């Protein structure tokens, strides 16, 4: 899928996945300590590192701290992560001293499904005991979602993924909205952005309901609503997402080409 | 102080400290995993390693596992311990995975004072809040005493050290005797020998009261009783401690000479 | 002292029907060869434990070795689903698989607690998640000092843990490096342990603070060069991403899975045999 | 990001009167230079924390910097007593010193709990010991699964932790090796941290799984070559056992102690100055 840039200037074409990745990467500030999920989050985080945020610190749950992979890892424990890291600690240490220890600025997560309060399901579709679809499970997400100072979620937008009611809340967003998250005793700030291939959704400061606050160029509000399983609120101050600049796009494509050459395919998403 | 061997054969002279050290070292079987206190225990354990027990595994609380020091460490964290070890882990790991984990065969401890049930005081003499003598404190001993499969205690015998009633129980022996230790929920087997410069005391299998079961050559039972702050029980099967063989004595003296040359004195006892 | 012994003998003597078994590895150093040997020897009724069950667990489950799985993320890393795992949960094939499901933080802490001989692990975890609703082994306790609510889960204490590592020396001391995952904790949490290694050397040449498992803390060390394949061993081999991708269509149907397992695992004698037959079938596929 | 800064400035800005301060080290890498700087700057009302308070704590206590000590073993390793510590406890000189006393296992776990942002540490400990009778911060809780009784103590969460290490790179990443003690945990448990280092280098050349403290987890890195003296830094210096022995007679009397501290610490500008004056006074003694 290719969207057309909404300006008449000479900008390069880009795919919806590309603008999603670049938009997600832009949110990551230089010097941020980021706990990185595999797949789209890892792509966006490494793109940030290779462009505007050279001092972003990438932590993977398998143990690398300060990983600077030359290609995108296909799994959470690729050797390149270890070889380029400042140090590699055990997985228990990652979860105990670094995540639970309160040292993570941004938890960068993917998801199978989200709801309007940015709660995440990666466990089952259908009843837990007799699931229609058994998904991989929680992985590190419940504690990343709870303990990182803020959380970015990146996933493609569709009615199957953006659902009115999750079969299972694997990882907490804002639970039932309002101050439910704080009342549950969760200390991390929670999701501040859900970045999709259509736009960016951010939680309303009071109700904490995800609201469309930025729309990608060439996408209509109707398209976004159509791809959402609830009646999506749209910000009165809706902006248009900046188009990916040429340097970011080039960096992303280089990274993916290097990755494809190294792995024999473009990177998928998985732990393991 | 030199005791005279009780045989007329040609044996080398030896001091009371030497027979104590050699007798203590003999108790350590080859292949045993030993958590070593500094000072007398460390001397005895390293002597065992250099003589009859080359595969004894020495663990120090500062982190070295499988230390094979060429000279006696003056403190619990000497560099030689690290350089000769199979690996060096953190102090928390030593206490969590290795001691509490149930992997220690023998805890080898010194003590300031013991009582008849082999309870140990290294905290205070006099009231805790207004002590007559403030001793260094517990160190690793409470959990070594409780969690090692068995415990050897080595200290010089005197009325000041072998007291009827401890001011403070820092580390549990058999508490009030009988099955008090087990009833308190302590899982390790407890002290099986107290080795002194006069003899060897072992707990009665039922009452768990320390009983003189071996006396060093040239020492009288009266001398031992005189050096004990309670009415010391003497085993009807009292044996005489074997005199140190020439090889062990030579090894001990070599070790101490190397240590003196390296440290500029003979090794004292201390953590730190 | 660990016995240095062939893998077949180690599995025969140390892994029993009904055991709780953890074959750990975090992408890196996954003990595939040992998993195959458990399948070959036909173990049944196992409770399998692993943070990240992947292809070798898909195979163990699909071959009916396991009655229960304790885990926190089950997938084919970089590819997608574990079809045999899903079929066991969704379709009860080859039989019902009980699951006990945690988060990574929970599992990692449960291994640490096991290695520390504690009956339970204490963590800030699971808050707001539905996992405690479906897993009665996730409970909450109060801090005796602050009153804060904290999660408690039972320690993991496997009967046997199996890992793959880079090197052992001739006494059976083992060195691993790179991504360490929870392997050390999994070994120390277990009653018995098997470590397959790339090679046995005279001297480990380990850095001072390296991850070394002393021989006396292990049951068996088994030389199996390449025994992590298609996973990798840092310094020895690369992950074979083609295999992970090729596994997806094999595992999608019960029939292709059974045929593949028969040819590649049941009909081969050992991991070398598996690698030979696999090379043949990959050539056929091209 | 850690600031690479002179020790004097780091202590001035990061260590405040009334703070809870841990200067950790386990024989190896004891931050003596930083302790001297705290004395020079006249800090008061500190709660000092350390598993093994030794000479530098004797000095801090004798100079009246501390109101409280949390510890598990206080002595002059290889020599005997800490006379200033004893005088504070036995004689309330220079003023009363409150003590909170643990075992090493307790303290080590309390640092781990602090680094893990848990309010308390859970361990099998203190059973049969009188320590729980004199320390109300040792409590017991029940396992929610087995009913077993386990010890609970509050986490150690210092305001500032100070350690000495071998190397930092120019960004302030720190590498230490050899006997590690609880230094990593003590740093990660603290709100702020100061690391004195032997040298600042272009590249740490750290093994993959080495103990590295990333710059962004530290407050200040201060180059102080030999800053662990009379303790040692593996690969850089040897422990000066003579100093430990010489300390005993100095610390026995209040007068000799005060005079020594005046000449060697208060009247010197920094650790280099201390080393120079010490060399002079040792020459005099011969």
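Labels for the chains are A, B, C and D, by order of writing; each one numbers its residues from 1.
Note that in this section a residue touches a chain if its C-beta (ideal position, glycine included) is under 8 Å from a C-beta of that chain, and two chains touch if they have at least 3 such contacts.
Fair warning: this is a prediction, and the values are worked out from it, not measured in the lab.
Identification of common neighbours of chain A and chain C yields D.
Counting C-beta pairs in contact across B-D and across A-D gives the higher total for B-D.
Between chain A and chain B, the centres computed from C-alpha atoms are 58 Å apart. For the pair chain A and chain D, the distance between mean C-alpha positions equals 42 Å. Put simply, the C-alpha centre of chain B and that of chain D have 28 angstrom between them.
Residue positions 82-83, 88-89, 96, 100 of chain A are each in touch with at least two other chains.
The set of chain C residues that touch two or more partner chains comprises 112, 117-118, 123-124, 148, 178, 180, 185, 208-211, 234.
Chains touching one another form the pairs A-C, A-D, B-C, B-D, C-D.
Interface residues of chain D, counted against chain C in their complex, comprise 117-120, 122-124, 137, 139, 141, 143-146, 148, 150, 152, 154, 177-178, 180, 207-211, 234.
On chain B, the positions that touch chain D within their shared complex are 38, 61-64, 74-79, 81-83, 88-92, 94-96, 99-100, 119, 123, 128-129, 131-134, 136-143, 145-147, 168-172, 175, 181, 184-187, 263-265, 267-272. Those residues of chain C lying in contact with chain A across their complex are 26-28, 51-52, 54, 71-82, 85-86, 89-90, 101-105, 108-109, 111-112, 123-131, 134, 148-149, 178-182, 184-185, 232, 234, 238-239, 241-242, 244-245. Partner chain B is touched in their complex by these residues of chain C: 1, 112, 115-118, 173, 185, 188, 206, 208-212, 214, 216-217.
Interface of chain B with chain C (complex): residues 31, 33, 57, 65-66, 82-83, 85-89, 96-97, 100-103.
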